[in-house]
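Provided herewith is a single structure, encoded as structure tokens, for subsequent inquiry.
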Amino acid sequence: MINGKSMLVVSAHAADYVWRSGGTIAKYIAEGAKVYITVLSFGIRGESNDLWKQEGATVERVRNIRREETLKASEILGIREIEFWDLRDYPIELTTEHEERLVRKIREIRPDIILTHDKFDVLNPDHNRVSEFVVRCSIMSNSAGVQLEGTNVTKQMRLFGFEPHQTELSHYMPGSFIDITPVYEKKVAAMKCFQAQKHLIEYYSERAFMRGNHAARISGNSAYKYAESFANFFPVVGPELY
Amino acid sequence: MINGKSMLVVSAHAADYVWRSGGTIAKYIAEGAKVYITVLSFGIRGESNDLWKQEGATVERVRNIRREETLKASEILGIREIEFWDLRDYPIELTTEHEERLVRKIREIRPDIILTHDKFDVLNPDHNRVSEFVVRCSIMSNSAGVQLEGTNVTKQMRLFGFEPHQTELSHYMPGSFIDITPVYEKKVAAMKCFQAQKHLIEYYSERAFMRGNHAARISGNSAYKYAESFANFFPVVGPELY
Amino acid sequence: MINGKSMLVVSAHAADYVWRSGGTIAKYIAEGAKVYITVLSFGIRGESNDLWKQEGATVERVRNIRREETLKASEILGIREIEFWDLRDYPIELTTEHEERLVRKIREIRPDIILTHDKFDVLNPDHNRVSEFVVRCSIMSNSAGVQLEGTNVTKQMRLFGFEPHQTELSHYMPGSFIDITPVYEKKVAAMKCFQAQKHLIEYYSERAFMRGNHAARISGNSAYKYAESFANFFPVVGPELY
Amino acid sequence: MINGKSMLVVSAHAADYVWRSGGTIAKYIAEGAKVYITVLSFGIRGESNDLWKQEGATVERVRNIRREETLKASEILGIREIEFWDLRDYPIELTTEHEERLVRKIREIRPDIILTHDKFDVLNPDHNRVSEFVVRCSIMSNSAGVQLEGTNVTKQMRLFGFEPHQTELSHYMPGSFIDITPVYEKKVAAMKCFQAQKHLIEYYSERAFMRGNHAARISGNSAYKYAESFANFFPVVGPELY
Amino acid sequence: MINGKSMLVVSAHAADYVWRSGGTIAKYIAEGAKVYITVLSFGIRGESNDLWKQEGATVERVRNIRREETLKASEILGIREIEFWDLRDYPIELTTEHEERLVRKIREIRPDIILTHDKFDVLNPDHNRVSEFVVRCSIMSNSAGVQLEGTNVTKQMRLFGFEPHQTELSHYMPGSFIDITPVYEKKVAAMKCFQAQKHLIEYYSERAFMRGNHAARISGNSAYKYAESFANFFPVVGPELY
Amino acid sequence: MINGKSMLVVSAHAADYVWRSGGTIAKYIAEGAKVYITVLSFGIRGESNDLWKQEGATVERVRNIRREETLKASEILGIREIEFWDLRDYPIELTTEHEERLVRKIREIRPDIILTHDKFDVLNPDHNRVSEFVVRCSIMSNSAGVQLEGTNVTKQMRLFGFEPHQTELSHYMPGSFIDITPVYEKKVAAMKCFQAQKHLIEYYSERAFMRGNHAARISGNSAYKYAESFANFFPVVGPELY
């Protein structure tokens, strides 16, 4: 049951969480979960190609546009808490201080689920570093000996990985499909906030259709029209076989 | 929810289903599922080593002992329907007639879940053949053009694979852990019916403990004491992330 | 250079070659290659679900519809030679006689390129068998000791595998992308011949768009709008690095 | 210690055992082991290309030449027992009768080690079938219920796989290197018996040099000049770490 | 032959070497090898959960308890040399200075065998870093150009990797099994020193039983009751096939 | 067509580019390409074992010999531009400054092709780091937001990976074979410049022969006598199937 669950989404760049999990986020919110977003960088260097082609682009301008776009998207999705670390990207560098910061975040939110980048993205070294970083911090958060004043140790939560852009080349293996049919329009609206990455809007719309087709085929449930897929960092553990 | 579900378990030899899924079967029955077992062979040639060491062993005697043992085990687990195809094993040969027979069975039972051998068992070629056979028949069953009088096409059901004996050498990857703590004693009692494979009783008891430890570790739920694991033939598809 | 090349496409069912390589076939024909299609089965049992839902469906009717549809599609693509083996499918059974028949075909056509199903399709055992069969026959064709009256041994040709429906679950790894932008409309027209598999028309249209996006991204050539991808059975061998 | 060990080598075609394990065989014989060779086919169709280019080649002539060549090679290596099943190759077909025959052979010889083809050879479907066949028969041989008059069940022996021709494409992973420096000349002499496959003599001579280089590098022992490598079907089990 | 060999064991945390290789260490010592242990951290942050649950736990107290426990365990195993680097763990950070220190250690001890963590542990990033670090240092140690005053270059030694906790999820592949039946009680006694990780004592006792079962099955030697398994970093190189 | 293409080769140590791509480089130059070499280190610590065995070896002497050798080799191959970063090796450390330097280089040269080390070399951690570094820098170079004064963003170029020394243990998969038959003597002459690594001259000569044999076999073109192989970082994208 989604109601009452909490979810933390850690996004390397400002728009990653929308392309890859916007539908799932919208669905979780619609059904009563609390969703928190941590955006590590605005993607100023690595994911703003179209903005840099505009006359007079500066780091400051690109940052402002990206911030506005992602805030707007997060509002459409219904997110109440989004935080920006504003790290430099391409490459993203993650230090001991960042580890402590994320562990604190995890211990504060105490998420049932963490969504972040999957282990390997053939075209995006930032995603790979963030994936390893989030896994490491979640393990630290669960360890009683990692003493941080004012925090309490967590229990092992569920981790899931985003689909990378080119899945086969990134050795991506879908472990879970989430039906996003009821919230699909909300995801499309959120994606449309990112004018610097227009080509991705069509791409991820069709991706949702394709994953919906896959989900329907492997479940025998033809009601699934749109879906998002995720990699499972761990096996499913539970009272029955899903 | 388990209640009302139906499950078909296809077992290459007479005891496979008990070692590898006895706890899950007991649990499903306890919670209101219908479980059907199809035993393809008695394992007379391949899985009755200790019986063949007894004075005066013959095929007929071994068959009778194996049949009695597995019937007794199935009663302990609470199974109401078990059928025996009594095929020759080591090696097991599966023909077009067997395909039709299993497709009929699937269309009659209309299982939500099929449990059978996983894709590869380094030490048991029969298991490999049965795995491929069951997958093939389930796909045929779901195809409207496979016309068999008196049957109706099925929808894609869930498929899960048993743990093989030596998991790493068999490239086995657990996808789902099922908590069997409440029914663990029932599984042990069922295993004890197989006097020809005594060494496996201790082995699979400890395996359940070890999988319970794994399940607790990756779920953060320390109430899991005993578990069984299965390979997922397909990703999980559903309304939420499990 | 495509002009003057010859290509043999071996398709398990009547429509496979259109969904998976229709654009590449159209392109090769447009640029002067000779393309031959061998259709092993009409897909009567396995790939005609919608036809079987029609009132009064019989094997004969389904066969006729599938034959007409695929003939029409092949005409749109510009194929001059298509042959139908009309084997039973689901499952497809391939014998020594079929091996001899395909070796004869290969030695007659002497293709530079063979396109067929890739090694593994998680949802279609027929595709797996056909893939293995075609590879085996190509190796036999290249072996001088496989003496068939009236035929001459061939040299190793290039082999490429079709994309399966669910690529990641089938461990599919794209090795080559072919730009089909100039012939995309032709592929769409050919796909529209298959009224029994309407849902696949949209699916493979979007697939072409997605593969075009991938091709543009990894080549730096934004002129690629639509593409098909194939698995490489062998490494590229040649005078330069492509 | 090699002295007193027995080894069974199962070769799909007449020369495979020489190219891939001739040095190891010579070494085992030199140090007191008994080596038995089972040659399943003469490779008339698949591995006699040069013989078929000779004027007036017939199946009978090719068979005779291959038999003479391999007998001569086996004498050079010091083998006392070689048996020929003379099966048709390309493709090799292995039936229930062949299974019984090989199980009898294994139970008669009771080998400590079986050498045969590794699991996958990208260019040789016969090798794949023979590999699976030998593994299956060895497991049957070890099973008490596989009752064959006049035979006694065996214990699990060690199995090792030959290097295929193109190792990386065949997913070959070397598990063991055997130093063949002292018997290298014997292997070369044995290889020279196969006039129909002259190009392979240079190839496998250089292969031995290359594997010697690898063996020296990973062992720190620069005395290794020539080596053969094998895949391990099972982990090493023993009193110490080798 | 074990007698006269030297072995270096590099352990990320204070108890790793006991759980994963205590039996092999005891056996090597019993048969005349010299065994050296390098413990990189006390596991204060990452592997002392139960100690942190005790009233009044501090870093200093946890360190002292862990040190005492591991010293006691090492005495039981018969180790004469154990050194503690006392690094911070979770995460463990390894610098150029640590590289030089370990290279010096390796060149001083000149081990025939190095045991350390295997390449990947899904639940323990420290283990992954230590594995890569030890491999890197061993290669540096073998390179004449890595000039360190007072040291002499080494030759390539054997490297083996510990079993991680959840083997399949960590892509662990056992390459070697060591029979620890004669020293099993010693391992159990050593494990019992770690009161902070009580649940692991039962876990690794059963693990030894299970690995003994595996070892017996794949070797045909039923005398193996308890075993430890290791990953092989390199193929076996030697005078015979083990 | 090679004529007019530009190629950047990034070599971890002074001789890597010669052993692994000397033939391809010579061929590209012979046919009108511009080839640029960036040598990150002289391999003083890691790849100069024989030089360190000479009486009176010092870092300075080793550096001078390596520099002279590689300059001589590059002249034989016909290279006009080679640059030396003279980093310390074993281990090689790559910083943000190095990233900027390589991005500048890539943007200045604007290569169609980058050759560098493949993803994993089991025996050489430097190679692994350089591989990851070059991929990362190429992606940064292609990103408009990575603003470096005086440079212009590039488009995605082709990347290929060198063969490591022990290919199977390094999970190396050849994706492309280049025929180097016409320039083979030039490669041999270039290799002979490296007197400190004499054993590798024979090794890589035989390797070229072996790869020529492989190339001939999988292409059916027996004119290929010598070849080099490379891993494809990306699928082939183009107007036809190569």
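The chains carry the letters A, B, C, D, E and F, assigned in the order they are written, with residues numbered from 1 in each.
Quick note on the criterion: a contact is a pair of C-beta atoms (placed from the backbone, for glycine too) under 8 Å apart; a residue touches a chain by one contact, two chains touch by 3 or more.
Just so it is clear, the model here is predicted, and its values are computed rather than measured.
In summary, the chains found to touch both chain A and chain F are C, E.
Repeated interface: B-C and one of A-B, D-E or A-F share more than half of their contact pairs by residue number, and that pair is A-F. If you average the CA atoms of chain B and of chain D, the two centres end up 37 Å from each other. Averaging C-alpha coordinates per chain places the centre of chain C 53 Å away from that of chain E. Those residues of chain E in touch with two or more other chains are numbered 123, 169, 174, 217-218, 234-235. Working note: touching chain pairs come out as A-B, A-C, A-E, A-F, B-C, B-D, B-E, C-D, C-F, D-E, D-F, E-F.
Contact residues on chain D toward chain F in their complex (touch as defined above): 123, 165-169, 172-174, 199, 202-203, 206-207, 209-210, 213-214, 217-218. Partner chain A is touched in their complex by these residues of chain B: 1-2, 24, 28, 113, 142, 154-158, 160, 174-179, 215, 217-221, 224, 227, 229-230, 232, 234-242.
The touching residues of chain A, counted against chain E in their complex, run 96, 99, 132, 135-136, 139-140, 143-147, 233-235.
Touching chain B in their complex are the following residues of chain C: 43-49, 51-53, 59, 62, 90-91, 93, 122-125, 169.
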